[in-house]
Structures are given as structure tokens and as C-alpha cells.
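What follows is a pair of complexes built around chain A, which joins chain B in one and chain C in the other.
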Partner chain A sequence: MSMHRETFWALQRKAAPYLFVAPFVIVFCSFMVYPLLNSIWLAFQFTNGPQSSVFVGFDNFLFMLRDPDFWTALKNTAIFTLFSVFLQLPLSLGLALLLNARWVRGRNFFRMAFFSPHLVGQVFVALLFSLIFLPHYGLLNRALHAVFGVGLDTKWLMNANLVMPALVLTSLWMYVGFNMIYFLAALQAVDRNLYEAAMVDGASRWQQFLHVTVPGIKPIAVFVIIMSTIGSFQLFELPFVLLKGPGPDNSALTIVMYLYNTGFSTGDLGYASAIGWVLVLIILTVSLAQAKVTGLWKKNV
Partner chain B sequence: MEKERMKANRPMANPARRMGGAVLPFLVHGVLLALAAIMLAPLFWLVCAAFKSPEDLFHYTFASPHPTLHNWRVLFEKEPVFRYVANSLFVSSALTLLQLLTASLAGFALAKYEFWGKRPLMTVMLATMMIPGQVLLAPTYKLINHMGLIDTYWALLLPGAVSVFGIILFRQSILQVPDDLLDAGRIDGCSEFRIYWEIILPVSRPMVGAFTLIAFMGAWNSFLWPQIVLQSRHLFTLPIALNNMVDLYSQEYGALMAGTLLSILPVAFLFALLQKEFLAGLTSGAVKG
Partner chain C sequence: MSRLPFGPAPTLLIVVCVLTAAWLALAPGPDVPPDGVTRLHVLTFAQTHYDAYKVIIPEFEASHPGVHVKLELGDERAVTSRLQSAFWAGTKTPDLVEVEIGAVGMFFRGPLDEIGFTDLTDRVHETGLYDRIVQSRFAPWSSRGRIFGLPHDVHPVMLAYRRDLFEKEGVDPADLDTWDKFVAAGRRMTRDMDGDGIVDQYMIELSDSAHGDLEPLLFQRGGGYFDADGALTMDNAIAVETLAWYVPLVVGPGQIANSLGAGQILTQAMEDGFFLCLLCPDWRSAVIENDMPRLSGKMGLMPLPRAEPGGRGTSTWGGTMVGIPKQSPHPDLAWELALYLYYAPEPFEERFRNTNILPPTRDAWDLPAISEPRAYWGGQRIGDMFVSIADETPPQYTSPYTPLAKTKLGEAVLQCVDYYKHNGEEGFRDFVAQTLKEKADDIRALLERNPFL
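And then the complex of A and B:
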């Protein structure tokens, strides 16, 4: 009896970790690893709907290189990423620095105010901003008119040159407070004694920022840069709902929208997989480059 | 000594800075208030718009002096909104529970046990985290179609049942739990599952709170995958249904804004409950690196 019991206890202890990871591993293998491997195979197929497929070698990739829509999508996505990352980060850091001052009152209120847009999903933001960008009646034109005297008839969503600024502005609203939370956490983790030591050494505010703050928050800053770049490259919902498609002159066509249109409107899953892998390569290359340039792997960060 | 003298001298030696000390906070608070107003303006506008009559919608920039429920009546008359809300609540809660369960169990195993295949599993998990999910759309669609699950909730629940990010969050938080606590449980005769249920889960409560919101928000706002696999209107979740309404009633601005406001409320409510855990959990992974 007690022998039995001991072997049972030893057995359940040995089996426990396998049972604990099993649900995850089963789903992970069926719906992530397998589709991932399958998508490599699919990328070399011509498909018409999910049932029929023919091996076409590198044709999908060669077609992509010659398809002007792909280049438009790539250009739009890259411009969006560049502007949204480079506008968001300094603004997020600036907000975090302001809020981090010891004498700031109502820190929690401001934190919530800046963060709250992040709670609204991209589809809902797009619905809301489709009215905010309206000519004549929209909140944005009214605000610009009231503050700068700009005319009320700016057609943000109908003018190919203004679509991208509208998207960047909207994403700025959505993510500036979200990134600020990361910077704020990083700033609060910087050792206060370092500032005192710098002050004793006669360092100015600017020197303190450069030699204490910047190195202190660098790991998080790199993390935020890479995360927002990856997120920006995946832009889809916002333009898809805001402009009900690729917008005037394809000015809001993004890589994921291009993938969605070819894969699920036209029904070529093979081509959609090929686009997916090109997106993977672009994102990996850009994030590795960012990690290298910012010295993420140097010992002294 | 040196330090004390400098501290004592500074205010006297630098009267300009002393004045700056009074002006600067005033300026900073002014800037912060202005920025907060700009950030909150669209949301405030949304709340006002949901309660304005069509004539008032653009007549008053913000609130109208004659608030009305007109938009809500239009919204609920034209569309089975309760159905959409129930659909969204069901799918999002189910996904959240599934992800919580699988992530906390797997996170526990990866944090506190040595077992065969642990290292390769973690390597593959981290590798898939680097890969954007869109590459999975076509093959997963093919798989779901092959299983005959298109236009069912299984198409949402099966692929969405696990979150690699969630496992990493749970593993990191469970690593902090002292081993002595688990051994004490074992001496008291707890099975490994009881240790998970009665020790690990209770001490991971902050992470459970944070991840509940992360998972719920992700599921609630999810659009691309449901848009691909759901076809019947009675299965639509709120994002899909609202995007559909734009095409159907493009002139019913007010009703659309009422629907948008309604769709934001559940996440806002959950956030109000869990904000402390959420904000701490969000940054914990990054700060500890």
C-alpha cells in the first residue's frame, strides 16, 4: 500500500511538467508550428482558394518584385513606420520626463489621460477618426481653424497627400501614451543616487540627462523602438476601416492590406504566404539592424 | 562635507534657479493640462456625439444642450446589437480563460521544473515570437477550412487558445516564487497540481490580473482573423459588425458613434478594475529584461 503510494507520488511529480505544458504544446504545434512550416510550402504554390494548388517555384516572389502595388505598399508602410516611430518616441520620452519630475501634481490623472486612447481598439479608433477627419464638420479641422485660422475644407481622407499624415497623427494619438508608460517605468528605475553623485560633480541638468538618464533608460528605449517598428510594419485595421480600403491612389495600401486583398479577396493563399514571408524578412532585418545600431548586444548598456 | 556646502550654497548662489523653481512647475503643469485636453478631446467628442440628435451632431462641437437617446434607438432597431455584444463577450472571455489557463500552467512548468525538451521548446517559442502573425493567416485559413470550421467560433478559439507572450510573462513572475514555498506544500502532501492551484495561482495574482486585461483587450479588439473566418451575421463580433454597419448606414453617424462608445466600455471597465496590475505587468518584462 505505502509502496504503491510512494511510486504514485514520484510518478505524478515526474509527469507534472509534461502535463502542464501539454495543452500549450498541442495547440502551439497544430496552430503555429505546423501552419508556419506549411506557409513555407504554400509560398511556392499558385492556389485558387484553399483546395487547389500548383507548384510554381519562385514565381510568387518574382511576380511580387514586378508588381507596382507591392512597391506602393512597401513604400507606404515604410514611410508610416519611419514617421510614427520617430515622432512617437521623442514625444513619449518628453511626456515621461515631464511626469517624472518629483513635484508634479496629479501624476496618475495625466498618466491615465495619455494612456487611455490605447484601450480603444484600432477598428473603433478608425470609426471615431473617420468623423474627426471630416471636412467642415470634423473636430480636427475645427480645432485647426480655431487655433491657426486654417480653412475648414481640408479633405484629410480624400487627398492622397494627406492620408499618410492622417494615419500618422491617429497612431500618434493611440500609442504616445502607451510608450510613455514604458519610459516612465524606466525613468523611475534609474538610481536616484546617480543623480546626486552627478550633482556633486557639478554636472548641469543637460549633462545629467546625457550621462545618467540616457544610459539608464537605453535598454527600454531600444525595446520600445523595436516593438513600435514591428507594430507599425503590421499596420492594417486603421487604414482598412478608416478609408474602407487602400485609399485614394493606393495612398493607404499597406503590406498587410496587400496580403489580405490578394489572399482573401482574390483567393491566392500561396501568394499571400509569399507576402507574409517577405514581411517576416523585412521585420527581422530592420529589428536586427536597429539592435545593432543601438548597441543592444554591447556589454556596457 | 563638500556635498553639504554645495547644497547649502546653491539657492543663495543662484537666485535665477530659485525663480525658475517657481515658474517651471507652473509651465510644466500648463503644458501637461493642454496635452491631456488634446488627448481626451476625441473621446469626449465621442461621448457627446453618441447623445446628440442628427441635427445637433455637427452644429455643436461638443455637447448639445438637448441630449437624446435617438442614436441608441436607431442602433438597436437596425441591428441585433445585444447579439453582437453577447458574441464579443463570449469569444473574448473564452479566449481569455483559455490563454490564462494554458499560459499559467506552461509558465509554471517552464519556471520550476527541469524536463526533457524544455530548452528546445523555449527556443522555438522565442523564435515564433519574432515572426509577425500575418504569415500564419493563409496556412491557418487552409487548415481551419480543411477541418470544416470556417464560420464557427472554433476558428477563433482553437488558434487563439495559447499566447507565447503570456507564457513568458507567467514564467518570469513564477521564477520569483521561492522554491521553499513549493517544497513546504509538497511536505504537506500537495500534489503538483494542487501546488499550482493553491500556491502558484494565488501568489501570481498581480500577473493574472495584468494578463487578463492584456488577453481580453487583444481578443475584444481583434479584427483581421475574425473578418476572414466569420461569414454569418449572427456570429459577428462587435468590430466586424460595426465595420459592416459603416457600409450599410454611412449616414447614421450618431448611431455609429453610439455603437463605438458601447464597444469601448467593457475594456474601459476592466481597465478601471485592473489598472494597477496591468501597468505593472506591462513593463515588468521590459524592465527586468
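And then the complex of A and C:
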């Protein structure tokens, strides 16, 4: 009897870890692995929802090459991503440097104030800015009119040329403070002794920044760049709510919005899956390139 | 406790998990009606419809003992996507669902037998409903000759105008019976009122960047996105003619129209006299009453100017259907309820007073509520006015690709506006034709790929 009991407990001891991770594995496989694998199959089908499908080989991918809306979406997404990386992140870093300086009074208040837009979520921000951008009565036009005498009828969200600046402006308000927190954390981790040593060596402020700060925050900076790039390529809610769709002349159509429209408005899950996989490849390529350029994989000497 | 190899905490977690799962699996759902009660679930996206149905449903329940109607209101986009997901997954659906005209095409994408709504064609003909209703209103809810929804409305279009400002300008709306006369008057009345160099009075609200306002004007001229056979028509001669006429109204030296957006900004603009006229289907007249109470007595309705003498004096804008999903376990009862909600004359009068929406059944047009004068509109009998043009309402044919066609028409508007702004009339007509063709070809490429149509 005691022999059986010992075998039971021994077995239980071996099986228990697997049982504990089993719920996660089951859920992960059901809602992540299976849909992912299924979407590969779907990418080679023409579908009417999941009800009927016809195998079309690579036709979805070939059609994508000559689909003007896909290229518009790709162009818009790429432009937004460039602004995110080359405008938003430098601003975040600048703000972090400013709010890391000891001479700035009320630093904690400003840190919270700059971070707070991120707390309210994209939908709220989009609704807020849809009012700010109103022609004739909106806050932005009123301010521009009062300060610079600009006409009140600038249609930020109805003019295809102004939609992207409006989107970038909105995302700046939302994300500059958020990324600033990462840079702040990185800046605070840089050893102060290195600055003192640099000063003793006669390094200027700029040289200190270039040769002490930048190498010190590099791992975090690379992480922020890659995450911002991925986030920008996945842009969806902000333009979807701000413009209630792709905007005039598809000026706010992003790849994910196009994927959503194709899958859930047009019902072509096959083409939507193909778009999704192309997006994966794009993000993967860009992220690998960024990691390579920034020397992420180089061992620190 | 020593027999538990990982201590008591994981064991406790497992027990909690098992108990929770068991409770979820065994507990009755909140939707299960008591024994002997049949529950009909109605889902709508419009607050005005919801309010109207809420008042009249108790009477239906009283006349159908044992039937309980659950009425639910949802956001339009949420209703549509939930319904599509339910159709795709084969899960439970409401017994009656209202669908907006802009979204219905997506349900007609696949083969006829895979459309999630019950085919109502035979019922509509057998009950004589087809002959009672303005027949053009079946068009949006039909695919390949079969009817999948009952029309809620006709939505004829008139023009709402600032009566007080027209009087001040000395313009009689009755004289503006063609678009040529309207535009000529508009060029006089569109101007800078306070001398600051900024135009602050426009004749009409029309968009220079979207399809929404062009659409009813296109329908008025007999154009549209698709014809009855599902062929794309958005680049035909009527479309080219209409767009070439429309663009100079919203841009350039002869501009008489502008647009700022919907909601509060439109209310403010109307109150300020920034716009003198709005395209006004019946439903929008109620929106105006609700959103612009300060304009009571200062507004009027006039027929839509005709494209040419003898042409159509109205158009259509918007629409709603009610459909019975195939998954409904009570299709006959749902059909009865749909007829009651949409076409029963008794509750209709109060609903018309609240929504101004003209029903598509002609026999309801004689009800006293239709002919009541409305103080908001300066005593006009707006019901009679809408009735007088209802039979002229043009059809809107639906395709799974209608939403895309709308987007493409919006792109064409924007590109043509941009061209006209920089080049004026020179080569404009050819540019319009070429742009519309390019946009239409994008859709044709998608149509050719679809093996189900």
C-alpha cells in the first residue's frame, strides 16, 4: 500500500509542473498558435468569412503588389513610423534630459504631467483631438488665428495633406511623455562617476552627452526605437477614431486599418491574412535592420 | 499538508479553478427565459428607434401571451460586427436585427445560400407587403433578386433652410426650383458678412473631401454605385456629369458650399448663420429639431431643386432594414414582430411625431399625425411635404463592395477638388472622367477576384 502511495506521489511530483503550465499552454495554443497557423492557410485562400473559401495560391500576394490601397497604407504607415522614430523619440530624450537635470524645479510634477496623456488611452485622445482640430471653432485654429492671424478654416481632418501632420501631432502629445519615462530610467542608471571623470578630462557638455550618456542609455534607447517602430507599424485606433476611418483620400489608411477593413468589412479573411503576414515580414526586417545598425548584438567590451 | 508536494497554495488554486469552471459551465445564463416564456431578442443601433419600440412593445406582448421581447440598443458598428461574427461562427443571434444601409452590403458577399438573413422574398409577396411599400426601398436590402430585409423608411430628401435669413435676403425658396437658380442665388448669398476678409455665410453645407453629400445628388440624377444587376456604375456619364457640376460648388471662385463637420459644430454653424441650407432627409429634420432648439421657428423645408425642369425633386439619404437571422429559433414570431414594429398603424403616429421618419407603407401616409403643422418649421406640414415626394425616391442598389465604392468616390471628390483648385475649368471634365474610371477600375479588380458573386 505504502509502495503504491509513494509511486503516486512521485508521479504527481513529476506531473505537477506540466499540469500547472497546462492551462496557459492550452489557451496559448488555442488562441495564438492555432490562429497563427490557420492564418497561413487562409493567406492562400479567397474567402467569404470562414464559411467558404477557394484556394488561390499566391494570388493574394500578387494582388497586393498591384493594389493601390495597400501601397497607400504602406506609405502612410512608413511616414508615420519615420516621424515616430526621428521626431518623437528625440523629443522624448530631450524632455528626459531636461527633467533629469537637478536644477529643474517640480521635476516630479512635470514627469507626471508629460506622462499623463498616455494614461487616458488612444480613443479618448482621438476624441479630444477631433474637437481640437475642428475648423472654424476648434482650439488649434482659434489659437493659430489669434497668434499668427491664420485663417480659421484650416480643415485638419478633412484635408488629405494635413491629416498626417494632425496624426503626428496627436501621437506626439500622447507618446512623447511615455517614451520619456524609459529614457529617464536609463539616464538615472548612468554612473555619475563617468561624468565626473569626463569633466576632469575636460570634456564639454556635448562630448559628455555623446561619449557618456549615449553609450549609457544605448540598450534602453535601442529597445525604445524598436518598440516604437513596431507600435507605429501597428497604428490603428488613433486614426480609426480620430477620422472615423481612412480619412480623406485614404490619407490616414494604415496597414492594420486596411487589414481590418479587408477582413471585417469586406469579409475577405484570406487577403487580410496575407496582408498580416506581409506586415510581420516588414516589421521583422525593419527590427532586425535596426538591431544590426544600432549594434544590439555586439558584445560590450 | 505534508502530502501536498508543492504546499497548500497551488492546491488551493486548483480547487478554486475547478470550482469556477464548474460554476461557469453549470450556472444558467442570464438570458434563459423562464419555462413557458418565448423570448424574442431585438437589436437596434438607433436611439430613436429604440425609444419608439420601447413604447409599443408592451402592446405586442399583451397580444401575444407567453412572449417576452428583449429590446437592446448597441452602437451601429458594434451591432454590425457582432452580427457578422455570429453569422460566421454560427453562434446565437438576435431574432430581429436592424442594419444600416451603409453596412448591409457586407452581408451579401458570399453565395446566396450563405447569407445569414432569412430570405423574405416569398413572405413579402404572399402578404401583399410588396405592393404596399415604395418599391425602390426594397433595393438596398436585396441581393441577386432576393429580399433579405424589410425597409424601415423612405428617407426622401428636402432642403432645410434658415427661413429668417432667407427673408432678410429677400429670397423666396419657391423660386429656387432648379439647381441652376439655387446656385445663382447661392453666389449672391455666399459672402463675408463682417468685412474681415473671411467668408462667413455659405449657401449650403456640402463637403469638399468626402462622398456623403455628393451621394444624394448623384442618386437624384439617377446615378449610383451599382445597378440592379450588380454592375458598377460609379464612373458612368451621370456620375461624371454630377461630379463635374458638384466640385465648383465647393471650391474655386464660384464656391457656395463649405463643411465643418457634424454634431455640435454644425449646430453652432447653423445658429451663427454660417450655413443657410442643409440637405435634409426626413430623419435629419428630427436631428435638427433636437440639436438646434434655438432655431425653432427660424427654419423651413423646401423641395430639393431639380437638376432640370421636370426632373426628380428629391433624393434619398440613409436607410435601415430589419432582418431575421437564420439562427433565430422563432422566425414566424419574429416576422410578426417585425411587421408590428415597422408597419402597424396604431403606434406609428407617435413615432412619426418623435422621429419625423416617413414609413414606406403608403397606407400610413393618411394618418392625421402626418399632416400636423410643426411650429419648429414655421407651421409647415412637413409630413405632407415628405409624402408628396416619397414616390419619387430613387433606388439605392447594394453590393458587397458598396462601402469601398463610397470610399473611392470620396477619393475622387478630393482629387477633383484639388485639380479644380489649381487648374480651374481647363481639362477638368476629362480629369473627372479619368479619375472616376481609375477608382471604378480598382473596384472592378476586386469584383473580378470574387468567385462567389
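Here is the rule we use: the second predicted complex is superposed on the first by the 284 of 301 C-alpha atoms of A that agree within 3 Å, B and C clash if a C-alpha of one lies under 4 Å from a C-alpha of the other, contacts with A are read in each partner's own complex, and residues count from 1 in each chain.
The rule we apply is simple: a residue touches a chain if its C-beta (ideal position, glycine included) is under 8 Å from a C-beta of that chain, and two chains touch if they have at least 3 such contacts.
As the structure is a computational prediction, the values presented were derived from the model and not from experiment.
*Asks:* Determine, under the contact definition given at the top, whether A:166 touches first (chain B), second (chain C), both, or neither.
*Replies:* In the superposition, A:166 contacts neither chain B nor chain C.
*Asks:* Report for A:120: first if it touches chain B alone, second if chain C alone, otherwise both or neither.
*Replies:* A:120 contacts chain B only, not chain C.
*Asks:* Decide which partner touches more residues of chain A, taking chain B and chain C as the two options.
*Replies:* Counting residues of chain A touched by each partner, the higher count goes to B.
*Asks:* Could you say whether A:12 touches chain B, chain C, both of them, or neither, answering first, second, both or neither?
*Replies:* both
*Asks:* With both complexes overlaid on chain A, does A:238 touch chain B (first), chain C (second), both or neither?
*Replies:* In the superposed model, A:238 contacts neither chain B nor chain C.
*Asks:* Once the structures are superposed on A, label A:264 by its partner contacts, choosing first (chain B), second (chain C), both or neither.
*Replies:* In the superposed model, A:264 contacts both chain B and chain C.
*Asks:* Report for A:20: first if it touches chain B alone, second if chain C alone, otherwise both or neither.
*Replies:* A:20 sits against chain B and chain C alike.
*Asks:* Is A:212 contacted by the first partner chain B, the second partner chain C, both or neither?
*Replies:* So A:212 meets neither chain B nor chain C here.
*Asks:* Using the touch definition from the top, say if A:69 reaches chain B (first), chain C (second), both or neither.
*Replies:* After superposition on chain A, A:69 lies in contact with chain C alone.
*Asks:* Going by the contact rule set out at the top, does A:151 touch chain B (first), chain C (second), both, or neither?
*Replies:* Second partner only, chain C.
*Asks:* Which chain A residues are contacted by chain C in one complex and by chain B in the other?
*Replies:* Residues 9, 12-13, 16, 20, 23, 50, 136-137, 264, which sit in both footprints.
*Asks:* Looking at the complex, which residues from chain B come into contact with chain A?
*Replies:* Residue positions touching the partner: 2-3, 6, 25, 28-29, 31-32, 35-36, 39-43, 45-46, 49, 57-58, 61, 101-103, 105-106, 108-110, 113-115, 118, 121, 124-125, 128, 130-143, 145-146, 158-159, 161-162, 164, 167, 186, 191-193, 196, 217, 220-224, 228, 239, 242-243, 246-247, 253, 256-257, 259-260, 263-264, 267-268, 271, 275, 279, 282-283, 286-287, 289.
*Asks:* If you look only at chain C, which of its residues touch chain A in the complex?
*Replies:* Touch residues, chain C against chain A: 3, 5-6, 10, 17, 81, 84, 87-89, 106, 109-111, 114, 198, 207-210, 258-261, 265, 268-269, 274, 400-401, 403-404, 407, 410-411, 414-415, 418, 442, 445-446, 449-452.
*Asks:* Within the complex, which stretch of chain A touches chain B?
*Replies:* Going by the criterion above, the answer is residues 9, 12-13, 16-21, 23-25, 27-28, 30-36, 38-39, 42, 50, 95, 98-99, 101, 103-105, 109-117, 119-124, 127-132, 136-137, 139, 142-143, 173, 176-177, 181-182, 185-186, 189, 199-200, 219-220, 223-224, 230, 233-234, 236-237, 241, 244, 256, 259-260, 263-264, 269-270, 272-273, 276-277, 279-280, 283-284, 287.
*Asks:* Report the residues of chain A in contact with chain C in the complex, numbered from low to high.
*Replies:* Where chain A meets chain C, its residues are 9, 12-13, 16, 20, 23, 46, 48-52, 54, 59, 63, 66-69, 134-137, 151-153, 155, 157-160, 245-246, 248-250, 264-267.
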